[in-house]
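Look for chain A in each of the two complexes below; its partner is chain B in the first and chain C in the second.
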Partner chain A sequence: MKQFILRRVAQLALVFFSVTFLTFASLNLVGDPLFNIVGVISGIPDEQCEAVERGEMEDTQSSGLNLGDCALIAQAKAQNNLDKNVVERYGIWLSDMMRGDFGTSFVNGDEISDIVKERLPVTIRLIVLAQTVALGIAIPWGVASAYRANRGFDKASTIGSFGLLSIPNFALGVILLYFFTLRWQIFPSRYENDGWWSELKALTLPAFTLGLGLAATYQRLLRTDLITTLQDDFIHMARAKGMSDRHIMYRHALRPSMFSVITVFGVNTGALIGGALVVEQIFSIPGVGTELVEAVLRNDPPVVISLISVVAIGFVLINFFVDLMYGYLDPRVRTS
Partner chain B sequence: MSETETTGESSHVEAVLMDDDMVDAVKKKLGVGFWIAVGWLGLLVATAVLAPFLPFDDPDKLASGPARTGPSLDNWFGTDALGRDVFARTVYGARVSLVVGFIAIVFGMVVGGSLGMIAGYFRGRVDQLISFLFFTLLSFPGLILALLITSTFDRTLRTVSLTLGVLAVAPVGRLARAATLVFAEREFVQAARVIGARHFRILTRELLPVVLIPMAALALLGMGVAIVAEGGLAFLQLSVEDISWGVIINDGRGIRDLQENPHVALMPIGVMFLTILALNFAGDRVREYFDVRETAF
Partner chain C sequence: MAEASAANTQLLVRDLTVRFPTTRGTVQALNGVTFDLARGASLGIVGESGSGKSVTAKTLMNLLPRTAEVSGDVIFEGEDVRRLAREGREHFWGVKMTMVFQDPMTSLNPVKKCGEQIAETLRYHLKRDKKTALAEAEDLLAQVGIPEPGKRVDQYPHELSGGLRQRVVIAMALACEPSLLIADEPTTAVDVTVQKHLLDLLDKLREDRGMSMILITHDLGVARGRCDEIAVMYAGRLVERSAPETLFSDSRHPYTDALLRSIPRIDQPSHTRLEPIPGRPPELINPPEQCAYAPRCRFAQPDCLESIPDISGVAGMHEFACFHPANTDRGREALAGNLAQGRTAAGLEISGAGASS
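Here is the complex of A and B:
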């Protein structure tokens, strides 16, 4: 077990560095962050500024500030470490981020850590709620269809789950929005946060949008595992002792049948994060997703990098813990 | 031994054989559902390919009918806020969505498939390196990676398709690796090795044909995933600038549009749903038809 944990920690570290570096590099190598800070004067060729530095040329002044263009560029570069190479900047950025300092937005100068603090909890609540909805539906559903496998209810739910898995989450979101908010007006059409009740109401439809497809996935897995478990001797034993079917299903059969669901739980959280970004757009939820899209549209690399990194790190950590838990629950995994 | 007994026995044997054959025949059928799914996909592809030659409206033509009307004989799926014909837009959207899905999965199959086969065949260091690459790719929440690429590069059809192709590399590669690991131990591969066949020949002539079967099933499922992912990107304003299903649905999902003419969003959603359903169903059937577990042992 100890070796298993050590190997997973090493893997975690490697993945962590590759994920953050990839994110950082891709947004720094493509596009010009300097342009976002100083505007068009970032187009001034380096040779011209070098000539100014050597005193061979007068610095141009198109920005309307007291500072010359080249001086302005140099200042911006120094402030944002843009004069260093990508690997160095990655190191600085990473160590800053570890201490909770994400830097500031290039566009409006907002502290990114404030943005993260404000937006992340909303998205996390949405994802937790979606997982709750998914498990809350999948467990009774899976138990009911495995209880009488291949009978009417089971066959109907196979069709049902197949259909649910074929609806893209944004399509389901639009459908739910249309019926529950616009036609029947059960749920509010905009996000409000005066207390937990109004937030719960606002997050219910998005959570169902994300959770229904997931419920279908979990139900399929749970059903298969339950059918296998129900053939075990200890189930016959329990039945012979005269325990009620409900007691056998929920108390005896359910727990050993949860392995597959737990395995995909971590992976699906990643899919949920992606899905949450889209669903947040549909229901105008002020979470990480809406902020990320706004940052992309206003071309604000520091914000984009920070948000993507936070999400990616969260995802890597979740999978790490799910792996550990899985290794703890099922000894066979530790050696593979 | 009397004649009747012999014939009785042989007919019994025959009956058993026939039973087995019939069981096989029943099991080996793709089923009516599969052909309906294929029929829908065929119809869709044909309509999408032939769209410019069919008597549909121009998808971008304004006031193709009165604005915001429901489905009618002139405009089968109704018209949107600008009076554009929703049916024509859905057909032209299919062109983009299907191409994106197709290119993405072909890219995933070629790159992921080759990497996965190399990893599964050579094992050792190569395997560790490639498996780690897959692991890293899978550590990115898919849509985030796509977001990263389309926001740093551009939003042309090519970039979006290849981006989604990159996402398909890891899942396809893992499957190819797993299948190759199993098949590389089989007699026919060992035999090829013994007679001195080169690695390249073994990979392409012996392993590729058998690994391709489970990959085909995944390809159908993967195409559905890619089409959905493109729609997701469209909702984040980061997909192609052309008309795709995601773009049309995103156009029609505003509160006012949904309230006054929900068909603008709901009609393409219906078509998209049927397509994903058909792809999932066909993929599922293909997987059962060529049950990998059965061929592996």
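Here is the complex of A and C:
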């Protein structure tokens, strides 16, 4: 167990470093962060400023500030470490990050740690709710399907689940909004947070929008695994012990059939941290996904890199949890 | 088990027939199986795979797939078992009638502790609370001869050897003090060295608890000495039924005869060749209207290919289903004729080696 955790921690570190470094480096290859800080004067060629430094040229003052353009550029570069190379800047960012300092946005100067503190809890609550909806629907549904596989209910379920899988999020979200908000006015149309009850109500529709598709995926996986498990001898044994079908399905067959569901559950949870943006947009939820896309579009590297590292850490942690779940689901995994 | 002892009859099976519709046709898994079992007695059902012995057990235990078509009567302690199945009676199977399966490696739930699995039966049927049930489970483990039962209760099946696991399965089957235990090849999948221990254990438990037992096996030697009666099955039919001593010394059905010849015997000189039974078990889909064993039988005569022999004889003493039984003049005549021709009526080529005595 100790070794297992150590290995996981090493894995976490490896994933974290490679993801953040690749993101950091690629953000420096596309676009010019300097443009967001100083505006059009970032286009002044380096040679011109070098000439100014040597005193061969006069520093112009297109910015209207007291400083000359080249002095302004030099100041901005120094403040944001843009005068150093990528590896050095990555090192600086990393050490700041380790101390809890995420830096500030290049564009509006916001503290990034505030952005994360504000956005991440909302996203986490949305994911928890969506996954609860998904599992809550998928488990009884999958059990009912597998119980009488290839009979009427199962066949109808297959059509239903493929239907849910093929409806894109934005369509499902809009449909739900139309009925539950516009027609029946049960749920609010926008995210609001006046206490947990109002937030729960505001997150219900988005959770279903995400959860129904996930439920369909989980139902398919659970159904297949259950059908395999139901062939096992210990199921016959449980029947010979005189247990009711319901007891057998939930107490004997379900747990050994959860492997695929748990695996996909982990991957989906990780993906939703930064990837629920369509749903976040439709329901105006201030989550991580929306902020991430906005930061990319406004070319704001410090925000992007910080959010991506949050997603990467989340991914690894979730999968660590999933690995622990394997051991819970099947004791044979623990010893091997 | 004549009428005189009818009051003592625990299980009565009459004309039990099971069919499975498949895409290739109807499988005639069981054809008119009839037998009785006295309270506290043990019956051995012997046959090769596909002979219907497991289907018999599954029918009794209500474990057949929903598609199976069943007819005939199964009366257990005065109750119509098939009606109980239709009505969905609870606390009958697993309580009065229980079963031990063939492979202990797969018949225990891999994700539940052994103690939990035994306690589950007690909690489910007898509504024991968790603590009492676990204590009883430990007690049961001790009864089936598992060392350190207190430790085993908390172990998972994969932490135990095959022999121990089968003991756990037996403990589970005994938990609610059944009056009939069906053991479907209980020792086939375990080490030869533990087979005898397990069989002796089952025997002892049966005697101690006065329960009856149906021991299903493909090994005549296993049934011998442990059963009050042995029933031999072939192609979904009972072909011979008698006390073990009679069966071993004076078998009538050529299949039983051939089975006895195919097992090594200690009183034979060493290096005596065992006689395999020629051919393969018959197809159970649309079988022809003839003795199912005829194509593999050394005694086969033209009449064997025209109709199916009924099981007959002295009820409860020695019954068999054959027109030309072995160890009788009729049989000897038939075999001599076949040997002279070098082939049976069904076209099986035979030679003089190992002629029937």
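By definition in this document, the second predicted complex is superposed on the first by the 292 of 336 C-alpha atoms of A that agree within 3 Å, B and C clash if a C-alpha of one lies under 4 Å from a C-alpha of the other, contacts with A are read in each partner's own complex, and residues count from 1 in each chain.
We take it that contacts are C-beta pairs under 8 Å (C-beta built on N, C-alpha and C of every residue); 3 or more make two chains touch, one makes a residue touch a chain.
Please read all numbers here as calculations on a predicted model, not as lab measurements.
In the overlay built on the shared chain, the residue A:Ala146 is in contact with neither chain B nor chain C.
Touch criterion met: A:Ser18 reaches chain B, while chain C stays clear of it.
Legend: residue contacts after superposition of the two complexes on their common chain; A:Cys70 is shown touching neither chain B nor chain C.
A count of residues in chain A touched by chain B and by chain C gives the higher number to B.
By the touch criterion stated above, A:Val316 is placed in contact with chain B alone, chain C being left untouched.
By the touch criterion defined above, A:Pro256 reaches chain C but does not reach chain B. Legend: residue contacts after superposition of the two complexes on their common chain; A:Ala171 is shown touching chain B, with no touch to chain C. Contacts of A:Val278 after superposition: chain B is touched, whereas chain C is not reached. Considering their complex, residues 61, 63, 90-95, 98-99, 101, 103, 106-112, 120-121, 124-125, 156, 158-159, 169, 172 of chain C touch chain A. The part of chain A that touches chain C in the complex is made up of residues 232-234, 236-244, 247, 251-252, 255-256, 329-332, 335. Listed in rising order, the residues of chain A touching chain B in the complex are 11, 14-15, 18-19, 22-23, 26-27, 30-31, 162-163, 165-171, 174-175, 177-178, 182, 189, 267, 270-271, 273-275, 277-278, 281-282, 289, 292-293, 296-297, 304, 308, 311-312, 315-316, 319. Within the complex formed with chain A, the residues of chain B that make contact are 132, 135-136, 138-144, 147-149, 151-153, 224, 228, 231-232, 235-238, 246, 249-250, 253, 255, 258-259, 262, 265-266, 269, 272-273, 276-277, 280-281.
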